[in-house]
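To start, I am sharing the structure in question, which I have written as structure tokens.
Letters A, B, C and D name the chains as they come in the text, with residue numbers starting at 1 for each one.
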Amino acid sequence: MKLLYFAWLRTRTGVGEEEIERPEGVETVQDLVEWLRKRGPEFAEAFANMKVVRAAVNQTYVQLEHPLAEGDEIAFFPPVTGG
Amino acid sequence: MKLLYFAWLRTRTGVGEEEIERPEGVETVQDLVEWLRKRGPEFAEAFANMKVVRAAVNQTYVQLEHPLAEGDEIAFFPPVTGG
Amino acid sequence: MIRVQTEDFDVGAELAALSTDDHSIGGVTSFVGYVRDLAGSASVSAMTLEHYPGMTEKMLGDIEAEAQRRWPLAASLIIHRYGRLVPGDRIVLVACASAHRQASFEACNFLIDWLKTKAPFWKQEQTPDGPRWVDARAGDDIAARRWQPPESSS
Amino acid sequence: MIRVQTEDFDVGAELAALSTDDHSIGGVTSFVGYVRDLAGSASVSAMTLEHYPGMTEKMLGDIEAEAQRRWPLAASLIIHRYGRLVPGDRIVLVACASAHRQASFEACNFLIDWLKTKAPFWKQEQTPDGPRWVDARAGDDIAARRWQPPESSS
């Protein structure tokens, strides 16, 4: 799976983009978030409040219950502030 | 008084602009319209239906009851179609 | 700012001038009106826009001042042409600059609605059957009525 | 049409291109967004606009297609910049051309409201206290919610 982080999710985790194997038991975006939180304090802090984190799978906004498949592109980012 | 006619009020009456002395008994715009109607068939036709005629006195929209004074600039025109 | 003129205008230059040096402006909404070649069923080859010199400038100035009262605008501009125009020509430009986009949208929409119902311009179209004065559209009056203060709509 | 780019754009040329040769167009409504130098209380010297390449183009295309479904538009255009910008710089251009002005107004307003709440762009401001990610404004969400179809607003 390809993981992308934007804006302060990128600067807080220190990661912009990474490829990972789908971890065992990670079936949904929510599962992935819980897995990421255990990776270290930067990730735990960045994903502490999911009210200010948006998720997209294959470039489409999804809810946390969205199922994941091998080969998915999963992005995390704050509410948008363009325009 | 200065009288101005625009758009089809100008083309139907054949007059764009004229200076007249205020006729006796003409106290309001309505009085002036009635006086103009008696001027000839072009004027009678142009002012037949006041629902499609707007009046302005000194460059401000007015109702037909608006009083007239010596020196006024009175304009008649159809509903506007600009922009 | 108000301009009534026969010449065309440069939209990009006008909009740039509206926001120059004022970095509190977050957005500029503008509307450009064009001469269409569809007027009912007849094909329009050209049109002449007549206006009431003096009253036009007065009314546009009044309408712009009213928009400035109703919305927090940093700048506004109305340019209206008159004279001979052909399909595809620009007729009117309305632009409103504000710190926030919704104020600029509403003020621009207000100005063009009023302008279409109140500003003393009249279109005469050249059609294959000869010149014809364009009738006012009832829809324009309804659009302008949205903006009336409650006490004056009766 | 959709463009995501670092370069500035020429508003006059873009608007002219939108209406060229289509004389059924009666009006073009456009919105130009600028970088403001007022962000809360801090003074902004510059900002960097980050985006999600790929998703940005997809979302702008989807939003434009939705506007085309909802309103009878002859043409539409969204240009959004990213990268480093300073106060006074243009960020975004949205323009909608239609036979009638109200359709062009509503579609343009709809597009900018959606863009502000859905398009994946993030502003990082350079302030005297260092770089700072801009927080989303609740007002933008409320503005976008106006346009939801009734069945999806709960």
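Keep this in mind: contacts are C-beta pairs under 8 Å (C-beta built on N, C-alpha and C of every residue); 3 or more make two chains touch, one makes a residue touch a chain.
Quick caveat, the model's predicted, so the values are computed rather than measured.
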Intersection of contact partners for subunit A and subunit D: none
Set of chains adjacent to subunit B and to subunit C: none
Reference subunit C; chain at largest CA-centroid distance: A
Length of the line joining the C-alpha centres of subunit C and subunit D, rounded to whole Å: 23
Centre distance in Å when subunit B and subunit D are each reduced to the mean of their C-alpha atoms: 49
Distance from the mean Cα position of subunit B to that of subunit A, given in whole angstrom: 73
Contacts with 2+ other chains: residues of subunit C: 33, 112, 116
Shared-contact residues (touching 2 or more other chains) in subunit A: none
Chain-chain contacts as defined at top: A-D, B-C, C-D
Complex interface listing, subunit C residues touching subunit D: 10-13, 15-16, 19-21, 23-38, 87-88, 99, 101-102, 104-105, 108-109, 112, 116, 143
Complex contacts: residues of subunit D adjacent to subunit A: 33, 49-52, 54-55, 58-59, 80, 91-92, 112, 115-124, 133-137
Subunit B to subunit C touching residues, read off their complex: 4, 6-8, 11, 56, 59-61, 75, 77-83
